[in-house]
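What follows are several structures.
Two complexes come next, and they have one chain in common, chain A, joined by chain B in the first and chain C in the second.
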Partner chain A sequence: MDPGSNQPSYSVSDLDRKARFVVLFLIFSGVFWLLFGTLLALVASLKMHLPDWLGATGWLTFGRVRPLHLNTMVYGWASLTGAGVALWMLSRLLKVPIMLRGYIIVAGVVWNIALMLGSIQILAGFSRGIEWLEFPVSTMVAIVLCVIIMSASVLLMLITRRVKQLYVSVWYIIAAFLWFPLLGLVSSLPIFDTPTVQAGMNWWYAHNALGLWFTPVGLAAAYYFIPKVLGRPIYSYGLSLLGFWGLALFYNWNGFHHLVGGPVPTWFVTISISASVMMVIPVVVVAVNHHMTVVGSFRAVVNSPTLRFVVFAAMSYTFVSLQGAAQALRSFNEVIHFTHFVVAHAHIGMYAFVTMMLFGACYYIIPRITMREWHSKGLIKWHFWLTAIGIIIYAGALQGIGVFQGFTMIDPEVPFTDTVTMTIPYLVARSVSGFLMTAGHLIFAWLIVRMVYRTGEQPATPHVWQKIREEFAT
Partner chain B sequence: MMRNTILLFGIVATFAIAMFGLTILPKMFIDEGVKEPTYFTPFEVTEGHRIFVREGCIYCHSKQVRPEGFGADFERGWGRASVATDYRNLIPHNLGTMRTGPDLANIGARQPGRDWHYLNLYQPRAINEHSIMPTFPWLFEVVSEDARPGREGLSLPEAFRIPGMKVLPTDEARYLVTYLISLDQQTAGVE
Partner chain C sequence: MSAGALILVLSSLLIIGGGLALFLWAFFSGQFDDIHKGRMLPFDEEEPAGKRTDQIFQEEPSEIKKKHNKGEEQTRGSR
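The block that comes next holds the complex of A and B.
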């Protein structure tokens, strides 16, 4: 194998043209599930302070809508769109077209059908009953098989690549496409047949689904788009290396910190707490690396829709990871475990980091594969501010009250009901933030639908980026 | 090509080692103690567990008590610390991660009366006006007062009564309540 010799090389527009249909298909599928998951989120959030609303039918009860919200967001929106974004980046970085495109389309169709069946199954009461794994095993295995087809494509692209060096984003994407199918398969094995062992597997899986699938895809995007939009190299190769292997070594071991104080041998929990604290190393390293790359170019963050989302997401990653390391400590965990604080923490991870990163990536990718321009700068700004303010209100309200809820709960003098009533105004605030984010998602959906179904202007240089090019392209 | 090999090997190895450490190793340590006792779990309890899972109770009620001195679980009367054998090998596990409502590991000892549970499932706000628990009317049937002679309807407060009708628990409600009452951590664990 001698990459780059004798074979025809592909131009960037060749790569994008070949990627067009498959990447758009994955992103559109993802956005459909984003909207569906958003609707479920609103219903679940409103039910927390309006408990009798839509309370007469089984399939709309909180205990079914809330897990389906998580599953559609995780396996629908973030996974499908994330896969599309990752495949596009890989094609650009390895300078080969996305492989097995036909098979990926078939896999995407099957994946969407599996999500629909899984949604009906959960609402009809056939949930597997394990958090993050509510889809029945058969549905989950179907999704994993679809991911394996994409993984095959990723490995083929790696083998046939036309570049010598593997950029840091490539490491993360390859890791993600190996880790996620393995995770999905192990979690579907019938060997976890006693409750506490299953609980261990549950949190090993759930934490790793974020850490070994969404996080690598998200970080790959940060490593790709920040230098790309700014037109300058990443600050340090050494730090990239340390960040990647630190994540691979430590993130894998984090799961049991969800079981602090639970009925499992203490030393398993202690291992996970140590690993969670060790995560500070890769997180800080990545943060420094990104910060040093952006430093001096903060104006670009304001002007580029992609950078705006990506930098917000990268900062959220640093914040949520450091918070997670602290939360794993027993003294902190004693207070905030079982409270809304953790719910907000999960949303900072999946929304402020992963979802915002994917929005940013879409704003870069879609104009390039459709050769069209976003038709409204203003709407993109609205999208950003609605979602950014939305998630900040969400996190602020629930984490603020979560701490008080936790301290009240560990004070046996206070009746339990008080820990419920004190949260109600903040649960209302969460619903308000939900409406803001919903508005943002509708704007985003409208923008991409218009992009594809209407012929917009097709300037040689996308004008949204014009300002950045003028400033930094020299 | 060496870099490729290191990358792929490292990715799989870091995963495999932690997978072994956090799934297989716990299985080896915990299963032995849990599989030894034989649980004679009545049909009503396993069915009740299934309904508990189906309605997603776990998203608001944890079912694990932390040890005395860690949190106020013990002081709140939620029972002694949970041990692996408390769960009678009922799958899926429902240890839970959230206490929007109180922990249920010891609910059978705190509320041993069936009527309290029926009322709470049918309309939680009939018991506690501040409750934000969902209602589960599909576990009940509303029939005319004259129907099913000999069966008392739920004793609902005035505000929730339906004139001329009475509310009766279905089999599913009975199973679920049997399951809830079976959750008792007053006695010492098997360990």
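The block that comes next holds the complex of A and C.
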């Protein structure tokens, strides 16, 4: 902690070199699950408008493919890659190498095996039947234990850090690594046996997994990469802390707004609705802070693959959070509950915000830890536009029809079948957007594989940013 | 209230209590003493503020020149 102590200080390139293997391992594992989850997503999406397709094979039915899509994306792609990104940022911000690297590799291997076994069990029909928690308890407990090993690494880094003051990203990351093990363990307890209590636990867990695990990692990345790429400090450090403590105090109660109108005590739901609306404060604070930092640097955003994704993701965070606060209101919820609107809302959160943020982070991190330059600038642009346009079509189509579907569903004059058939063209649009995003993911996977397994001639130094680093040195 | 619901409420309070404890620790260990310095934390001597990074889509001067030259050659050829 004391800069004058006799411990060696690490340069940025030392830290990146030490992080290389463990961070690459976590990102590669994540991308494997991204591709697997994308395949499941396409199958599930096509089944929505081609209900007979693959319907005769038990393990390919919608009820198994769709939950597995959610679980592999959440615990495979977003968690593994997010952990890699978070550990790398923490190492840079605390100026110490990632601790317990060997243990984290072992944890990563166990995590991947647990995901595979869990996937087989879901496809074989042994799902737990709780949304976001379909993996068997054994898989969940294994994953949580792996996260606890990473949490130990995070705490060790915090204790041995070489800087006194903690940047806002560090706050978010520490909090995420403390909250997620608690969420995972509580949700695995065998005490939620009555249906209403189980539903309460379900949405307490699922909403907090998004808000207290993925959101902090995503926001930590936004607060790190925006200033880093622009070379301009964040607009207000004080505001950024207000945003963090606001999230820490308000988010945890949000989950029960999923049960508006359900047979749970009204005060449970009312607390959730108030907390959901209170989340507007930290969200607006974060949005203002990011906007004031980026404003006036549009060229720099366009010229940087990282910032294209990160700024898109940060804008999506503001949008999805304000939308979420509105959706929690009873009057709004009455219309959109049980419609495609909510499905799209979840995808704006997990895809347009979390996934795009992780893509952006990967574009910054991988050249620095491998000391190599991206293979093709054109392909990065393709990746950005395919995924960005894909998720915009997805959200636009489903949220547009979702509102009409909701109004039709509460109209007793309209037969239920009509509320289903009216959505079919929009479900086709969803599949089309799914193909666009799949193409983007394949490009991304190809780019990072090219980065590590290179063939033929290649430049010795990544010219663009190496030059910048030399400029700094002189 | 059933055991499950009680555990949920207690866990929620634990999350908030943990947050408050973290905040008090931060406050009394002087994390908020110099709030203006905090924004410079992502930067250091090796990568200082004021320099953009990751501008890989920016056309480098040599590339722009090359394009320019190519254009000239083409016009010359057509003449």
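As a working rule, the second predicted complex is superposed on the first by the 450 of 474 C-alpha atoms of A that agree within 3 Å, B and C clash if a C-alpha of one lies under 4 Å from a C-alpha of the other, contacts with A are read in each partner's own complex, and residues count from 1 in each chain.
Everything that follows uses one rule, which is that contacts are C-beta pairs under 8 Å (C-beta built on N, C-alpha and C of every residue); 3 or more make two chains touch, one makes a residue touch a chain.
Everything numeric in this text was worked out from a predicted model, so none of it was measured.
When both complexes are superposed on chain A, chain B and chain C clash. Of the two partner chains placed by superposition, A:273 touches none, neither chain B nor chain C. In the superposed model, A:186 makes contact with both chain B and chain C. By the touch criterion stated above, A:204 is placed in contact with chain B and with chain C alike.
In the superposition on chain A, contact of A:212 is made with both chain B and chain C. In the superposed pair of complexes, A:146 makes contact with neither chain B nor chain C. Shared-chain residue A:195: touches chain B; no touch with chain C.
Contact with both chain B and chain C is seen for A:253 once the two complexes are overlaid on the shared chain. In the superposition on chain A, A:238 contacts chain C only, with no contact to chain B.
Legend: residue contacts after superposition of the two complexes on their common chain; A:27 is shown touching neither chain B nor chain C. Chain A residues in contact with chain B (one complex) as well as with chain C (other complex) are 166, 174-175, 178-179, 182, 186, 191-194, 197-198, 200-201, 204, 212, 245, 248-249, 252-253. For chain C in complex with chain A, the touching residues are 2-5, 7-8, 11-12, 14-16, 18-20, 22-23, 26, 30-32, 34-58, 60. Only residues 1, 3-4, 7-8, 10-12, 14-15, 17-19, 21-23, 25-27, 29-31, 34-35, 53-60, 62, 64, 66-67, 70-72, 75-76, 81-84, 86-87, 89-102, 124-125, 128, 130-138 of chain B touch chain A when the two sit together in their complex.
Within the complex, the chain A residues that touch chain C are 11-13, 92-93, 95, 163-169, 174-175, 178-179, 182-183, 186, 189, 191-194, 197-198, 200-201, 204, 208, 212, 224, 227-238, 240-241, 245, 248-249, 252-253, 300, 302-307, 363-364, 373-374, 377, 380-381, 464-465, 468-469, 471-473.
Chain A meets chain B in the complex at residues 1, 47-49, 51-52, 55-58, 61-64, 66-67, 125-131, 158, 166, 171, 174-175, 178-179, 182, 186, 191-202, 204, 212, 245, 248-249, 252-253, 255-256, 258-259, 261-265, 268, 271-272, 330, 334, 337-339, 342-343, 409-412, 416-417, 419-421, 424.
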